[in-house]
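In the two complexes that follow, subunit A is the common piece, with subunit B as its partner first and subunit C second.
== the complex of A and B ==
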């Protein structure tokens, strides 16, 4: 079979176009991951040319490190609550907006604004919102008779303050994805369900939700990865002199950052990053398996 | 076609003009020597800039560029740029950080004339030690963070307290007189603002400053130059008890109110310990505040912490002789006085007369105590120190909020014993531990 020159040129063009992003992906993703895996077996201080091989020594130390255990626990609590709350709340907000309500654009803007705004100034504003004595959050609680909460000095409360802020920030993004997903559901299904008498909750449970599962899967995976990567909010809300139980609200990225760039323990931080990578990869695969089975 | 062709003369004219502009000789000769100075304290940048301009006037062939960023970013920048030989020529480095760079051969020794200057009477022994490793001088001592006690004179007057506390026992007694509580018994103004929380090593450092007079220190060094935890003892236990009592027993401080310089500037505390930069900060944020500074109260010993910052050159500096000459120029008396008056860090040259500045800002007195009994002590310059301090700080923060430790001597001892175990494990890991 003879292949024409034009077809060959087209193939060459396609492979070239595929090769460029593949090369970028290899350079900026695959090689750093491989390098991190390699570094995790070394004892390197970022400065010294000597990098002695320590095998699995960094991983053994990690398992016994109370800071790592605390960071893992805090990050898991944060991710579980933030992902659940932001997915459920975003869906609740998206349902009426997808149908089209008055001032729909304004509502979408209001919910989406925190997502596009920079996190650092937002976190600084939340520090004031969460102030024990003068914060709006405690003022609102006082209206319903609840006592003041030390949002930024009590470790558990601080974690909740970070969770509340993060849900507020990610809600708008998830909402937009849900609106797109809801509007993509063919109108015939809804009409057929209504003719068959399925309305309200039954319609939502039997028609909308199953058809929305690919969107739910997408949002859950994106939100979980983002939640495990939490850093800025924790760094600003819980890591300076005025407001923070500091190390007690440590999360994984904070711990990796501290080990790498404050203690100059690049090998140890790389081992931590490797464990972190495996956890997020595992969770993503589980989510794909569980949620995809419901979409098929 | 005809229209396009009509543009040609214009295009040619623009090209000719561009070539003429690019190839035209500059108004003045380009500097032959470039020197850069990098620092982690942006507030010092105007002093560097002023010195650079003065130096350039005296040496027209030299161009000095200044780059400062906040300290944490700067530390990361150094860690990335020094090994890759892309760092600035002159570098501000804190004593505990510089050791690792010297060990790795990234910071060279100072030339003999600079070493002689450092070893002269211009600097005290502590400053000389901070810029040296053993007998070898690597940098020129520049400034230091020195601790002192800030106190609000109006609050003292109002509470009938004559002067600042002289001893550690008096510190708490005075704090009790100065604290203010609201109708619900909540502290609205602390008698003394202790460092009860915060990120990183600061909590442990402040703990050490109040423990040192009692005879403790974070790390003790043996004759072989090895270290072990120096706070699992009576001094450490008394200091931890003082913090816990301040929150849960005497209630002179609280976890729910603002702390540190912000608290002092807002009039929400009567006393706190801090470095001299707060004086400059108060000038900006609370210029009407009535306050003074005093020595850290004494106990078995009397003294305060000194955290020195020296100026070094990088091994990749292309013109090291010019770089060192600029360092010497920068440490002249007029710039040292400007550093004290305008920024508030304590310059390390001891042969400079700072009286004109002190006359203007008497608050600096608390940082420049010349009493021979008053010891200016430093933290050890070892690479693990930040990790040791930071991990101890996390344990102290947890302890300070643990009400079960109030009146619980065994609990307090256990906290410090466990923390000391962690400190010693870190030292052992890097071969720095010794009994």
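== the complex of A and C ==
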């Protein structure tokens, strides 16, 4: 009897401790997630009292919406190129850093800085670097006889400007994860390889890379999820909000943002957010499979 | 076994990349103290011949950057404090107690972490509208009061590092569970809390799309939103825009330089972004 009362008191303590955190999660995250799915079946302009149920109508309209198609293809191209470049470059710098070189700490710091600094001022800096007439990028290109490229007014080039900046921003994060993965490879493998006379590229191809493959996959998936989420640098470098003359790169989040907060199409934007939700969920399932095969 | 030339090549490669990575920051800093004539000089000079602070003066005249900074500081401070409290309370209970529903509640809190704010910002905005939280500090803070990553880190800490013996000893001394938490557990967890706090601070300071939709008048803009709007309005005055960018990038970069060990360890630990 005494024991069970003590146990009850302890349970009560646990639930009391969890009450506030759980309430915050439910109100500000879980309910909104559920309401996204619900809203996606309605047609609502934020003002009128009527919110007619349209079933899958919003999704059907999305399929035929050229803006949405453009956003989806831009985001996919952006994600594919950015993630590939960022992962390859991060691995290239992580290889020597994981083995330990002089000034290792300084290099890590400098590579990592763009990831942790806020994106808006960074994008402002890149906007000036990419300026068609006075930008450093075109100056460097002119040194090798190329350009000038209209980085911020020609849509194709603008997408590339956003990609270049995003690779620069995410490289350091992937580098940290690669260094952890590389250092987790047991030293015996490297020693055995050295005895066998495998060094350099052969050593990397036949020993390091296969052992590192789970890390590569994991980083690729994490980066892809983040890349589909791109918004801030697009907003600064490549949006036409407030009449700025910049070229527009329509990405998924930008399109959701515009439909919801410029055109007040709440149901339609929610349907689009639901598509985004499904993409993230799919990528996460892949991530879990990778993680599981890693622990097995 | 490895020759000198190879090592030299590695260093040249790493140094070249370091220059590429740092260049935008250097360029930003240099542009912010260049007079207008040098900003549009081509080829662009790396450093200003006649450094000037006029760009900063114009930036602060054109937009209330002081107000933006205060708003960012308020949001970042409150968010960090609340995240620390909620994360350590939940993490402690998940790490140290067994009770019905523990796994289910933990999974629910963690599972939602995979979904970025952008997936549910529309209904959350509608809730803020119903509550009249648009254009308020509460509204800016709402999604930044809890952090799955924080709960996870604190649970890992208490589970693996905080010994049960300390709790039992305190119980024998007659301490209540709450007192054990506040007087025994929390004081040992400061370095784990530092890691969580830094992530919370960076997340709140760098937040963009949420304050962009919640802050509807200039006096509620955070630094990020203020700068983004300002740079669209004054596209011609690049000196002033860059000065504003420097003002907004300095605080969080200082935090980073000061606490970077916690950040890289935290990422290595969970793969959090």
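Here is the rule we go by: the second predicted complex is superposed on the first by the 238 of 296 C-alpha atoms of A that agree within 3 Å, B and C clash if a C-alpha of one lies under 4 Å from a C-alpha of the other, contacts with A are read in each partner's own complex, and residues count from 1 in each chain.
We take it that a residue touches a chain if its C-beta (ideal position, glycine included) is under 8 Å from a C-beta of that chain, and two chains touch if they have at least 3 such contacts.
What you are looking at is a predicted structure, and each value in this text was computed from that prediction instead of being measured.
**Q** Is A:18 in contact with subunit B, with subunit C, with both, or with neither (first, second, both, neither)?
**A** second
**Q** Touch check for A:126: first (subunit B), second (subunit C), both, or neither?
**A** Second partner only, subunit C.
**Q** Report for A:282: first if it touches subunit B alone, second if subunit C alone, otherwise both or neither.
**A** Neither partner.
**Q** Where does A:45 make contact in the superposed view: on subunit B (first), on subunit C (second), on both, or on neither?
**A** In the superposition, A:45 contacts subunit B only.
**Q** Between subunit B and subunit C, point out the one touching more subunit A residues.
**A** Higher number of touched subunit A residues: C.
**Q** Looking at A:107, would you say it contacts subunit B, subunit C, both, or neither? Reply first, second, both or neither.
**A** second
**Q** If you stack the two complexes on chain A, which partner ends up touching A:67: first (subunit B), second (subunit C), both, or neither?
**A** First partner only.
**Q** May I ask you to decide whether A:248 touches subunit B, subunit C, both, or neither, giving the answer as first, second, both or neither?
**A** After superposition on chain A, A:248 lies in contact with subunit B alone.
**Q** Applying the touch criterion given at the start, work out whether A:153 contacts subunit B, subunit C, both or neither, answering first, second, both or neither.
**A** first
**Q** Between subunit B and subunit C, whom does A:263 touch in the aligned arrangement: first, second, both, or neither?
**A** first
**Q** Touching subunit B and also subunit C: which subunit A residues?
**A** Dual-contact residues (subunit A): 133, 241-242, 244-245, 261.
**Q** So in the complex, the part of subunit B that touches subunit A is made up of which residues?
**A** 72, 75-76, 79, 82-83, 100-101, 103-104, 106, 195, 197-200, 202-203, 255-260, 262, 383-384, 386-387, 390-391, 393-394, 397-398, 401
**Q** Using the touch definition up top, name the residues of subunit C that touch subunit A in the complex.
**A** 1, 7, 10-11, 13-14, 17-18, 20-22, 24-25, 27-28, 31, 39-44, 86-87, 89-90, 92-93, 97, 99-100, 102, 105, 108-109, 112, 114-116, 118-127, 142-143, 145-146, 151, 177-178, 181, 202, 205-206, 208-209, 212-213, 223-225, 227-229, 231-233, 235, 238, 241-242, 244-246, 248-249, 252-253, 256-257, 260, 263-264, 267-268, 271, 273
**Q** Going by the contact rule set out above, which residues of subunit A touch subunit C in the complex?
**A** It is residues 9-11, 13-15, 17-18, 20-22, 24-25, 27-33, 35-36, 39, 89, 92-93, 96-97, 101-103, 106-114, 116-122, 124-129, 131, 133-136, 139, 168, 171-173, 176-177, 179-180, 194, 199, 218, 222, 225-226, 229, 231-232, 235-236, 241-242, 244-245, 253, 256-257, 260-261, 266, 269-270, 273-274, 276-277, 280-281, 284 of subunit A that touch subunit C.
**Q** How about subunit A: which of its residues touch subunit B in the complex?
**A** By the definition above, subunit A touches subunit B via 45-49, 67, 132-133, 148, 150, 153-155, 238-242, 244-248, 258, 261-265.
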